[in-house]
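Inspection log for the structure reproduced underneath, given as structure tokens.
Chain IDs A, B, C and D follow the sequence of writing; residue 1 opens each chain.
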């Protein structure tokens, strides 16, 4: 997943605004679904963020071409955790652990079905 | 409607990113509804932008406190036009004419009801 | 220039937020520079938006893959005008005329040098 | 610090996009400076985010009026940590610990001067 840094991503400090790394990581998560002809809104529910733990190692600037890598850390009954890193050339400039919870369309936490688990493993392992 | 310029609004050029003036104007339109305990999503439909015509006169920077003024230009059967201006101190730095169309929840263009017209006049005149 | 619609681009209305089409068009303008190993910040100046005239024909939703096309309409002494369109499949869903002014690094309007003109023609014709 | 949720803050899921809570918290940090006639860009340096640890407890939707509270957790030689919470009515819907590092205008980490420390304590305690 390649991501170009545009004007909209930068701020007056001259580098990417800190919240925008979370946008880049979301793009990578959704793109995993889109590339298989799916969307992150499944038949029986969708995902909301529960918590995240992020570290900023270096900055990115206008025109940089970044890479986002995503790997599955663990899957529980109603949630899963990913580790996502953003690279500029070979340097890791940002990384986070993020936990997402599965909820139904009434907003209630929902247990994964076997096919949901299979999907998560195929998308992010 | 006062709007402070924060980091998120600026870009590497040091001033407010050009698309963000449209955000500021949208805030002013919605705030007119919120201040009366309403939302821009009405019982019988909501609004989508049809066209806009914007002029950028000067720039705004981090920390600036801006004013947005909104006035009703005309109301037609299914649409209405506003003129919105953004001021920094007394200087007009941005203005646009924007036309919004009324649509129902199936996305079909919808004629205003008399109470919709009354509401528009009370909010924006 | 292909642009995927992600969560960040949508709003509670279920479609792309109206200001974000301006982001998509800015990406296309900057990408023209990046693809040649340049940036839109030139040695002798850079560009600011003077005015734009936009029409919204249809909406885009999460996961859509959009195309942005950009063509040069005219070049004057200190400014140039582009026509930019956003397509979803073959349908034009958004278009705008946008005029950008060339300014130096003190913010003064600046006449294009011959090499600036050459560059604009090579990037956008 | 009161923050209204506008269209731009929401996404197709119907609630505030997860990265936007970081925008709200940044507004509160900068506003502490602005309210004293200062900016977060000091004479001898400015701040960059080093890490953050965020928890999402509940969601916010269009029109909600949120409160952001900010308190100083600790100050070290070159960095400081804040705890920031976002409330909807009396319910805490988001919180994070965030560590910011002080850097000079060449991007080098910089030790706080005594007046910087005094300022941080007066702004955030």
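Criterion: contacts are C-beta pairs under 8 Å (C-beta built on N, C-alpha and C of every residue); 3 or more make two chains touch, one makes a residue touch a chain.
Given the structure is predicted, the values throughout are model-derived calculations rather than measurements.
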| item | value |
| --- | --- |
| Result of counting contacting C-beta pairs for B-D and C-D, higher pair | B-D |
| Chain centre separation (chain A, chain D; CA means) in Å | 22 |
| Separation of chain C from chain D, taking each centre as the mean of its C-alpha atoms, in whole Å | 32 |
| Centre-of-Cα separation between chain D and chain B, whole angstrom | 27 |
| Where chain B touches two or more other chains, by residue | 7-8, 13, 19, 23, 26, 62 |
| Chain contact graph, described as a line, ring, star, complete graph or other shape | complete |
| Complex contacts: residues of chain D adjacent to chain B | 4, 6-8, 23, 26-27, 30-31, 33-34, 39-41, 62-63 |
| Complex contact set, residues of chain A against chain D | 13, 18-20, 22-23, 26, 46, 48-56, 59, 107 |
| Chain A contact footprint on chain B (complex, rising order) | 7-8, 10-15, 17, 19, 61-62 |
